[in-house]
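Listed below are the structures to be examined.
Look for chain A in each of the two complexes below; its partner is chain B in the first and chain C in the second.
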Partner chain A sequence: MANGLKKFYMNDKIVVPVFAVITSLFIAAIVMIMIGKNPIVAYGALLFGAFGTKGALINNLMKATPLILTGLSVGLGFRAGLFNIGANGQLIIGALLSTYIGTKMIAYPFYLSIPIMLITGMVGGALWAAIAGWLKVARGAHEVITTIMLNYVAVFIANYVVNGPFQAPGGVPKSPEIAYSARFPNLITSGATWLSAGIFVALTAVVVVYILIEKTKMGYEVKAVGFNPYAAEYGGISIGRNTVMAMAISGALAGLAGTMQVMGLYYRYLGALGGSMGFDGITIALIGQNDPIGIAFAAFLISSIRAGSNQMQIAGVSKNIVIIIQGIIIFLVATNRLVKTFMFWKRKEVEEA
Partner chain B sequence: MDKANKKDYSKYAVVMEKIVKRFPGVLANDHVDLFVERGEIHAIVGENGAGKTTLMNQLYGLINSDSGKIYINGAEIKIRNPNDAINAKIGMVHQHFMLVDRLSVVENIVLGMEPVYGPFFARDKARKQINELSKRFGLFVEPDAIIEDLPVGIQQRVEIIKVLYRGAEILILDEPTAVLTPQETEELFEILRALKSQGKTIIFITHKLHEVMAITNSVTVMRLGKVTGVVKTVDTNPRELARMMVGRDVLLRVEKGEAKVGKEILRVEDLHVNENRGLEAVRGLTLSVKRGEIVGIAGVAGNGQTELVEAITGLRKVEEGHVIFKGVDITNFSPKKRRDMGMGHIPEDRLKHGLVTAFPLYYNFILGKHDDPQFCDGEFLKMPDIKRFSDELVKRFDVRPPLINLLGANLSGGNQQKVIVAREISFGPDFMVVSQPTRGLDIGAIEFIHKTIISMRDKGVGVLLISMELEEIFSLSDRILVMYEGQIMGEVTPQETTTEEVGLMMAGHRLEDLRTQEA
Partner chain C sequence: MNAWIQAIINVFINPIFYKSTLNQSTPLILAALGGVYSETTGVVNIALEGIMLIGAFGGVVGSYFTGNPWYGLALGVLLGVAMAALHAWASIRYAGDQIISGAALILLAQGITGFSLVELFGKPGSTDLVRSIPLVNLGSFENVPFFGKIFNSLSPLVYIAFASVAFSWFLIYKTRLGLRMRSVGNNPEAADTLGVNVYNVRYFGVLMSGVFASLGGAFLSIGELGQFTENMSNGRGFIALAAMIIGNWSPTGAMWASILFGAASAFNDQLQSQGILHLATNTQYLFGMIPYIITLIVVGGLVGKSRAPSSDGIPYIKD
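And now, the complex of A and B:
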């Protein structure tokens, strides 16, 4: 019986997202047929664009790297009962700070400058997120509101800085380049694309977050506060401390995502570096069911359909189809009760038959 | 045969025949038969998880039977959803009220079938209909009051009127007294008698046997999904019903020896505590508890007991006064520090404070001691030790089902309470605040928890017991304090007092006044 229950739990976490992905591909195929396109061709191009060549796979993994981290950031927040919509702002602040430090690293050897960069990026994101955590604890301000507001503040700070005091010569909104010693080494290079060592940082973060959530005292406390703050307080767990702590760790992961872009891809802060990766993190955390390993797979899924979409466009099918796919996945995962009910009916039919 | 059946059933308002309902892993109703005569009050009794509510949910169409037949007034009908049930003149008052807190009484009652003038809500028409209903059944409510301002007992009345408004002839009440004070319960019974005299049929789910004896005409007893007895109330007694419910003889009163009272362990001095809205709830209260005794606090709910408990356990700020534990002033200590000093707490609200229902049992078993070296090695949890510890507790306290991977939410109320009690006792406290330990539990679980509390006392633990159940206070306490509007009305022992005297103190009379009147 214990085994059966464990299986059910495992099923739930895996079956729902897998079901969602397959269904969404199927529905998108119907849409393509309706607009007179061949879904087999489109999906073939999508797969080819994501995995078909060495360059495609590298591009895919480079896209996945920051998404894994923002996904972990949002997912960890969810586990603590916090909806961190501010991963974007935290990512920007982390990237900005680490870029600044990176430009000062010329005299340092890589074995010092790389850890310094990583720590700076995490501290930047952590502090930015901790503001929202502190506001929640001290003033009762909801983190959804404060993190959205802090996103704007971060964007405007970054815009100001890279258009003024920290602008590279040339009039473009970008910072000077970071020192060579502060850059990630390239693992593989293929034409104009390269795979940086950042992917290892992201994968390490998956393991660290998994251990943190499942195996440590802090993970226990954070989850208890997230599930039931009253019971946590009754059990002697400090709600305030754990809320700020969870926000800070969530922000550190987002800051690290921004730092990955600086150290492995752009080597500087660019005006549009933030993109929508923070918001993608919400999608990814949802698909990954807030489970670190699930999040890694979900990030790779999203990066794959993004990376493949260009090839699909070339094959004559609008790349916007992938937005449909993504939308349906989120819808189905978010309404997993629907899926569960459906499965329940199926089981009932089988039993009755 | 079929025809004969129909003829047989014509005197019954409700007949449920060979009802089977299976949930994953459980047979909740195993060929259950229920016969309810027209115009009677019929009790369905059984322990938690016996399948009473499941059976009624099928009658009301909330869930569908796997097999079996339902006859209303002798005619077989299919009830697929609550609308079918309402059409068959069946109404149900749920254990948890289904009211919209921010709407008025009138608006709640007519919700979904509002009388209208064209497109407009005919509030005056609704109010008139409701006034007529309340007058006819003696259910007095203020039609324009907002639900959230009303006490629980009145909210329940609103639920009953709501059901009557929909034309119900058969009323199902699911543990209606679980949330009521003794006075409110008495008022409810008056209402039920009035409804019965007007020809309504009432099905009353409960596990309180004295209520069964007080109000019902006949009883169906269930255990583990099966009917274990059908009797007329006049032909039975609580002992027999208890035996049918539990399947063995039950001690309705706990046996306990003399208290071996030791040194004082907790003293509360002139304590003032506010409730959530900032009004004073505990108003200058002083009490003391010694090792090896059970001090019971009796009182009607809402007289500051919750705030007192929270102030003692560190969950609520003290405005004035002191809490002294083992000679140390702990007034401003965190809950954690108090736990570490040896204070245990069984909270009144299991689901809010006592458990993290989304946690598996093994996590719930260490709540409050999760950073103890026994379970935590610096920063890392010792999972094998935690699981071994949980397995032991599950066995020792007979938690069912004995699976530590289950989530807290998947247990029945009684087993959830066992988990909390097991946890608090396993930490070896010297003093324990026990608040409403048996609320909503069945006889078997109550007996178990009472025995456990007594055995703690006998091991020298000081116990402060807060309960709304006078019977519980009387059978467990060595000393009784009665609380009214945040103050102690008097101290008595169960031997030298009567329920009447305590009842008067609960209503705000001071003991010295009562005693002087007597003299």
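And now, the complex of A and C:
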């Protein structure tokens, strides 16, 4: 029993991200002390802003909903050996297409329009990501470059349509609203905040991705290609098909994240809808170590930090510190050898004891 | 159709278009050169975007506190090199994932500049106006028709950018150090066997990428206006990365690709101001995506061929 517990704590998959998160919060605290702020007060405000009231918790869960999905998107890509830095573009295309369909759903009942919306968002994201997958397989173009470029193209397409052909009256760059039947019902409402049923979609996605990766032949093949493409091909697994497939599923998850914002929060396409969620997905996948359940917890951690940062800003610490914290976390996970070197003395001490 | 031809001719006969092309290419050329240094030695550096941002911020802060924009430039480069050193340390010493480390540094740069902006200037969004690097006045050359209007009052950084291309070409292709850089990027094992210190050469490449990318960033902030605004690099680091790839990882190729992107952007700006076209404001977005689509076409190998150093992105672990 004690041995099992020790094994659990010594597991790299847990030690590295926990160490990274704690260290980053510690470094941020030092920065706060340097500028003459009390980190205990700031972190207290952050906790209050994330969990302190019913509204805060609702807001937190609303923020977690798309982050779970972009985290899954990036994490699934990593499992397949792909760095999908383009979740943002896929999210935009998914949101844009589902918004367009959503405005046409007035005559449909909710049990038709909601699934149609979800499928549209996923297809949009999947197709956008599949471009990068195809360019990698057929032309050898690295997915990091192509997905970054596709992000910008998506932003420009969105700006073009919401400033012209798909603009709501009034001259503001936003689309018309989607039909009521295409909106998620609210589970809880508190003042100006509400929790939409989208959280169930995100949690379902966690389970589906878990089953896909761990229990299906397709998941096995995708992982095999990610782990060692040449060995996989030798074993009769197609690198090309699995790469495009993994990229498309990753894109579908990002597209779904955008659709959550449309169906549950804004009810239309807005320029700022994507925010930094694609990049946050990278942080989340790394903290969650590409494990679907780990990603769900990591998404909640990041949404809590993000949701609480407004309150922290009121307490006098600029919320940009949250971006610094995320940067340090990613950096430490990238240099996990450094973390392991550091943890190594600890490990020896434990063994000696 | 005639209106379009007329508008395009109007753009091309206007010296402002060429001047704007030079100005918009300069930060791209510098940052793309940075990419060339790093990747020639085999280290992928997507952090160019972050290094540009911190270079731009350092430029304004240095100029603000000393009143001398050249000290600002020095501070910007210093911060850029520090950031590149972090990337080098993570990806060379600790054989970390270079893309993840780069992504971390982009976030760090955004966070640090956004945070310090509020701390130093008391408000988010943008800094106070500071003294910028004086433009180069060419005297009576100004009166030369057409060319006078293009080349008079350019930032010295424009000249520095083009001089850096020549310098880098010479360094990479004509010197021993350059040969070592290329060998370390293509075949680190062989270079190691021949007695080249792979780690040191890679450190050099990554640190130089910090120098050039931060110069490009500083041009954005203290090259003309003398102000830093949040996220002012605005994707130029990624465009520079694309220019490096389209330019086939060579300094001159990267320069031409940067000029192409700079010209595309200048063309878009100038076309918008052609009254005879009656362009709706949203057409700027259609033209705006052209450089990114060109990049997709080129990296997709649909036109031409572009080849990375063989060991680009692969950490070297000495046995």
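FYI, the second predicted complex is superposed on the first by the 338 of 353 C-alpha atoms of A that agree within 3 Å, B and C clash if a C-alpha of one lies under 4 Å from a C-alpha of the other, contacts with A are read in each partner's own complex, and residues count from 1 in each chain.
Simple rule for what comes next: contacts are C-beta pairs under 8 Å (C-beta built on N, C-alpha and C of every residue); 3 or more make two chains touch, one makes a residue touch a chain.
Since this is a predicted model, take the numbers as computed values, not measurements.
For the composite obtained by superposing both complexes on chain A, the positions of chain B and chain C are in clash.
Taking chain A as the reference chain, the count of touched residues is higher for C when chain B and chain C are set side by side.
Of the two partner chains, chain C is the only one that A:Ala334 touches; chain B does not reach it.
Using the contact criterion defined above for the overlaid structures, shared-chain residue A:Ala141 touches chain C, although it does not reach chain B. In the superposition on chain A, A:Gly164 contacts chain C only, with no contact to chain B.
By the document's definition of touching, neither partner reaches A:Ile106: not chain B, not chain C.
Clashing C-alpha atoms with chain C appear in just one stretch of chain B from the list 3-11, 21-29, 75-83 or 93-101: 93-101.
Within chain A, no residue touches chain B in one complex and chain C in the other.
Touching chain A in their complex are the following residues of chain C: 46, 86, 89-90, 94-97, 99-101, 103-112, 114-115, 117-119, 124, 235, 238, 241-242, 245, 280-283, 285-286, 288-289, 292-293, 295-296, 299-302.
Across the complex, chain B is touched by residues 1-2, 5-6, 215-221, 223-224, 227-228, 230-238 of chain A. By the touch criterion stated above, chain B contacts chain A in their complex at residues 25, 313, 315, 334-337, 339-340, 345, 347, 352-359, 363, 367-368, 370-371, 376, 379-381, 383, 401, 403, 405-406. On the side of chain A, the complex with chain C involves touching residues 31, 35, 83, 85, 131, 135, 139-142, 144-146, 148-150, 152-153, 156-157, 159-160, 163-164, 279, 282-283, 286, 318, 320-331, 333-338.
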